[in-house]
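Residue numbering begins at 1 within each chain, and the chains themselves are lettered A, B and C in the order written.
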Amino acid sequence: MANDSPLVVQLRDAVVLAGGFPLLSGVTLELHAGSLTVVTGANGAGKTSLLRLLAGLVALSSGSATVAGVDLGTGDPRLLRRRVGWLGHEGSFYDDLTVRENLVFAARALERPTGEIESVVAHVGLAGRIDTPTKQLSAGQRRRLGLGWLLLRRPQLWLLDEPYASLDDEGRGFFDALLGDVVAGGATVVVSAHDPLRSASLRPRTLHLAGGRIVGDAS
Amino acid sequence: MIRTALLVAGKDLRIELRSRVLLWQVVPFGVMALLLSGLALGPANAGHSSAGPGLFYLVVLLVALLMINRSQAVESTPGTRSSVATLGLDPAGVFLGKALALATELWLTGLVLLAGAVLFLHTALHGALVALPSIVVTLAALAAAGTLYGALTAGGGGAATLLPVLALPAFAPLLIAGERSFSAALGGGALWEWWVIIAVALAAYLAIGILLYGVLEES
Amino acid sequence: MIKLLSQRLLGPVTLLALAATLWMGLVVTPPDKVQGDLARLVYVHPALAWVALYLSFGTATIASGLYLWKRTRSMVMDRVAHSAMEVSLVFIVLTLITGSIWGRPTWGVWWAWDARLTSTAILGVLALGYLALRRANDDPTLRARRSAVLAILAAINVPIIHFSVQWWKTLHQGATVFTASRTLLIHGSMAWTLLLSFVAFTMLFFWLLRARYRLEVQRERTSGQSLRDALEERRREGAF
């Protein structure tokens, strides 16, 4: 592992509560820049909660956490959110807008040039569907659009919540290749999945979650 | 802030243009509610009642409730809230943008309902035109208040039923001020008191929205 | 020592003051020349309204504002706001009931479209909405934030509602306290009783607020206990 590269994620006994229920019951974790990590575990193990904590979307109840240089206890969550990219398995965009309109919205929000959109769309293989409303896309195509949204944003930390769910082999292969590029480019990627990644090209660190904490860690 | 506001307003209006929920669901509902108001007055009063302005505003409030829920619903499709949150938009700008889009929709719907009041309830056309400025400002205040109350109830238990309980007491002064100034316009006069109420309400909601919308989004 | 004594004494002294108000209001003071015994409601209704609309609503607003202010943000403020709003709702309902009882013989109807009556009723729905919002959100932080914003919105609405309804129509008998202060010249006991009623109901407010607050702390303490258990239990899910 490239342990001399800077730390992007540093969690110590991180607890996240929702209505008194501990979604995360004490997670200690360090992730370096340019690393790929897969978080596995059963439903309700805390995979999505961990990713949401890293995105600054849920509050830290106790413990300490620093993500992308922002302290989750005292820092500005908006600053953190601008540095991370989130892709949920459900989609993540405005259904009534087209592929292009969704990307234009994201680019404008982040004050990025909109000129890259066409090439990003071509990169994720949606060139023919650029003016299709998002709700008409298949699950796999939506996932590709999500990747396009992240490519456009170039976040420091990529958080992908079950990106492999309901993808065919071609889609998986495409995903693996793209994640390989991203990691090679220096970004940090955390992926949640039901099962360990069965990829020929990627050598991720695999964390196993159960009961809201890490119970297994294999590089 | 203004840039974010225009971006968000443009996005909301574009979604509305695509989905046509306003045209096919909200406006027909409003027209039907006006017709029902006429029926409720009884055959003797339906055509020549002084209740026109009051019924107009009552229907506007009902329609506004639907539109507020709709305005929040476009943000609530699974995953959208998370990925939009990671854009790190300025909350004050988001508030202004959503309020502006809602106001635009309310103005359009208000015009149709005003025509309906002239047609069905025989409200004098000249008076309706004189009342137009007060209607425009009252609906803007409704939009600002509605955006706040929409964000307060979004995602909580029973959002659709909670919204009216919270919003209607706050809408009451706007209903009163709007109705009174409309009636005054029909009678050929104008009363400054009602402009004070409308302007103070508009200013208060805009100020609270700009200051506190971020608190509501942080969740 | 003084704090402990005042905590111990608040309840009994409140009851004593209420009993004294009752006795003065029903026995010592004479009936009104025009309204007769009905006027004795003056020893209850204005004091109830004072607690409902100013004291408790004001307390809830200030506590909510302090919660929203980052430097003073704490769950203490959230609990105070919640407790005060609940007390407010109770007093608003009592104000409406006593107002209605008073209005029936005076106006001839239970509900007149009187400005203060109407705006108080709207405020009652506001307070109800606040409590409904709290029930709809389970997460304590989210609930605290949302209800604090709603309380501020409600506070801003109070004058707007008041003036809009006031201007809409007024047929109330005018400011009651001033009427009473005029009778002060004739019957000193009436003014003293009125003053006592304000003191007694203000103390009742603080007593109820404290009780409600302590209940909330107790409730959270038991859920805090179960939090440790919940954490343990959650971790055990992970043990093989």
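Please note the rule applied: a residue touches a chain if its C-beta (ideal position, glycine included) is under 8 Å from a C-beta of that chain, and two chains touch if they have at least 3 such contacts.
The structure displayed is predicted, hence computed values, not measured ones.
When the interfaces A-C and A-B are ranked by how many C-beta pairs touch across them, A-B comes first.
In this view the innermost chain, defined by its CA centroid being closest to the centroid of all protein CA atoms, is B. Between the CA-based centres of chain B and chain C the separation comes to 31 Å, rounded to the whole angstrom. Remark: chain A and chain C have CA centroids separated by 49 Å (rounded to whole angstrom).
Averaging C-alpha coordinates per chain places the centre of chain A 37 Å away from that of chain B. Residue positions of chain C touching 2 or more other chains, listed in rising order: 138-139, 141. With touch defined as above, chain A holds no residue shared between interfaces to two or more other chains. For chain B, the set of residues that touch two or more other chains comprises 218. Of all residues in chain A, only 15, 17-22, 25-26, 45, 59, 209-213, 215 touch chain C in the complex they form. In the complex of the two chains, the chain A residues touching chain B come out as 52, 55, 57, 77-79, 81-82, 84-97, 101, 105-106, 108-110, 133, 146, 149, 155. Of all residues in chain C, only 68, 122-123, 125-126, 128-129, 132-133, 135-139, 141-142, 145-146, 148-150, 152-154, 156-157, 160-161, 163-165, 167-168 touch chain B in the complex they form. Contacts from chain C toward chain A in the complex involve residues 138-141, 223, 226-227, 230-231, 234-240. Within the complex formed with chain C, the residues of chain B that make contact are 148-149, 152-153, 156-159, 162, 165-166, 168-170, 172-173, 176-177, 180, 193-194, 196-197, 200-201, 204, 208, 212, 215-216, 218-219.
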